[in-house]
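You will see chain A twice below: alongside chain B first, and alongside chain C after that.
This part shows the complex of A and B:
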């Protein structure tokens, strides 16, 4: 964390509360989790698939911690928040401090949450879940749609019609299967109020993963990932990471099916 | 079935489920326990049951897992196909009867002959052609349905399915991709100091602007009226219907590019005699600086001059939204141009002189 400390002046108003400090002492930038799993079926160990191995029993079955480092987050400008005036009170635990009025995220906390989110995404993908990418910003919309297409998942970067989740049968004219996971690259919409889909997913019991910026409300998001949601390079990094996590989940599913049909 | 129940009761996980309400069969071979406290909402939308806690998968034979969504779709598709077949049969029988009635050969009786025959046998004085009796093949009468948009497990085929208009947004997505690749190509050329060849410029003379109705047919989707349509002479126009103010009701069409021509009920702006009413019309145009760049055609009925001018003003403001930047739309919203004035005439109440005015109050 030395490179962050030198660049940031911690202001007394925005110091992390003490519980967060104790949490951080448990992290490090390149975390090696309790890996009591000898044989996972992921590359490079493309060995035998062991069906007795239950992905749900391992803290990081899909090895998502290897996908990124805190340095990668820093280089992608994930630590940049908005100005102090637009800070949402509920985002305070995730903020490291501020510099010249601009808020800075604590990347150790972000890394922890991102690992949780990627792990969850990979598990959902491994169980053939429908994943819906939601973003609402003209700058990044095309990239998000492209990412979803390449993962063979779904995207919604357009105007949200009211009853997509809550009135799906009427909207689509038929009994529809709703997404099993919603990934928000922005939780705010174009008029800077919370995206309707966050509340609607919560209503329909659909788990959500969301990139929450300093002006967002992280309450309703199941796996919030505090970080910058505006800069194109941050969004590119998130898309790359989610795509890789989904790819790993699907690969596991394919290998498992191949093993079962043998 | 009894064996399945027995297996469930023996399963040790069964005892852990607290708020069990009932055991509901989905099909003969697969059972699902419903936890009404949590799963009620989810249950309607999940796919085939896959409950690991019950460990029933070993007992249950592996069937093709068809989701509720797919099953519902298949039922409806089958019903629709049967219905259409029935209608086609009726149509053909009717055609032969009609040919016999007209004394013509049933084999060579075409659609034009049918139309002629119907017009002859059922003369209609109605003005609207769509309201007159007609006999057409069922494919034309009943609107075409979209094919199954999802596979057996309920997973939609199109990656933009959840937007509700996948074809339109796919088109827009492809447009952006194409534009980006063209920009990249241009950048590469500039880096190599190459300029585009003027003689190889693309000519748009062979292409044509499609009106909204044809576009909708191509996309098999309905488009919203926010996007401007194009008339035969290539000018973009937007029609705002239901412009209401007090008792006035109107329709406004804004055309761009234009010369600032304003037509109300086929008359010029002098339809309104007072300057105030005319100013009401011009306000949105002045505000957005579009006075000389758009034409306005309005039809209005009901109410008086104040109501009618207010209705048209609202219509013009809403029409201009499609021809103006987002910033300006925001400014219009703040200026109150886009706010509909819901104030209506309040009725007089008995025991009072007017709507609010009371008779003189006497203490004793």
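This part shows the complex of A and C:
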């Protein structure tokens, strides 16, 4: 079903296939974005590698919604929260309910936020941004560091010294470029208080993506993702998803560079 | 020679060897002139419905079907939760679950039973050497999360661990290794 599209603004509603409409109205395990990428692509010029499409104008250019379903989140135990006694009031909008004192996240809300976060990550990667993974927990430290190495990005999973962001030039002894995005796999440190880097990133105007559990404060995180941050299988899922989003962003950047050098 | 030809002529498929053919019994009949007509119908029937060894042979020699992961019906999160093991558990206090040991430090066994947290249990005296990484054990849950409010604080303090007692061993790689020897 190929449509010939003109360079003029396209009414994507008309071109959206009917089954996609029913999916949007339907179940949370399959959610499609509002625009179909295929139908909004402009015809490429002769010899062009990529279509002439501005990724920023697209709600989900890197198709991150295809990376996971609510079922995947469920199987990775993302919906488990802590007890009611350690609940942070600000996390209440993300909670589905409590089962005999144990809180459960609403995975529909989580899925929405995770898509936003992955989309943002992919865009940052596509614009050649430095991404820093931050996690604090001996169980997941190695996994996070390995993920960062595999994406060719950076990770900090050790004790955070005071002025790493706010006094970087003095700490590192030279003019330092700070990261363009911080991804927190835990926003709490080992003593269950908020990680210093959350506040410091906000001070230095660095956008943050963070997995916030029921005992975390989501206020300072730019793209909070409410979910379980304690179980290794959840952290594995997050690492996998962020790695894939970054890979997609970098792939687009490479294609674009190849096109420009031609 | 006649025998071979008869078998090939029947739609006795490529998957069958001479010996395994369920239609082999028809070979005998085809030599009898009276049952000549019956042969074709029997082979057709057998072709559609194989039983016993023939069916098993077919199943195990054909290429395995890859099960797709898409669910047949779309599920909502609410229905996923309602049908989950956590809800089936009811009141977790005192319930018996299966866990698997994912880490061992001396006499401490770190056991994951499908919940947010793992639990740590001491190695029991009986069959102690069989409690290794990868062993499946039975646990009785005491608490799903060790957290409580301390005097003077506004929020609970959590240990990020569950509390359970070891009931018994289900299977262990150490045991299998010993049996293999």
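One rule holds for everything that comes next: the second predicted complex is superposed on the first by the 221 of 262 C-alpha atoms of A that agree within 3 Å, B and C clash if a C-alpha of one lies under 4 Å from a C-alpha of the other, contacts with A are read in each partner's own complex, and residues count from 1 in each chain.
Throughout what follows, a contact is a pair of C-beta atoms (placed from the backbone, for glycine too) under 8 Å apart; a residue touches a chain by one contact, two chains touch by 3 or more.
All values derive from a computational prediction rather than experimental measurement.
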{"item": "Touching partner for A:244 - first (chain B), second (chain C), both, neither", "value": "neither"}
{"item": "Which of chain B and chain C A:200 touches, first, second, both or neither", "value": "neither"}
{"item": "Contacts of A:142 with chain B and chain C, given as first, second, both or neither", "value": "first"}
{"item": "Touched partner set for A:228, first chain B, second chain C, both or neither", "value": "second"}
{"item": "Partner chain in contact with A:158 - chain B first, chain C second, else both or neither", "value": "first"}
{"item": "Which of chain B and chain C A:60 touches, first, second, both or neither", "value": "neither"}
{"item": "Residues of chain C touching chain A in the complex", "value": "71, 74-78, 80-81, 84, 86-87, 91-92, 114-117, 144-145, 147-149, 155-158, 160"}
{"item": "Residues of chain A that touch chain B when the two form their complex", "value": "128, 130, 132, 142, 145-146, 148-149, 152-156, 158, 161, 164, 168, 171-172, 174-179, 203-205"}
{"item": "Contact footprint of chain C on chain A as seen in their complex", "value": "26-30, 70-71, 74, 77, 79-83, 85-88, 96, 99-100, 102, 104, 106-108, 192, 215, 228, 230-231"}
{"item": "Contacting residues of chain B [partner chain A, same complex]", "value": "38, 41-42, 45-47, 67-69, 72-73, 76, 149-150, 153-156, 159-164, 169, 173, 176-177, 180"}
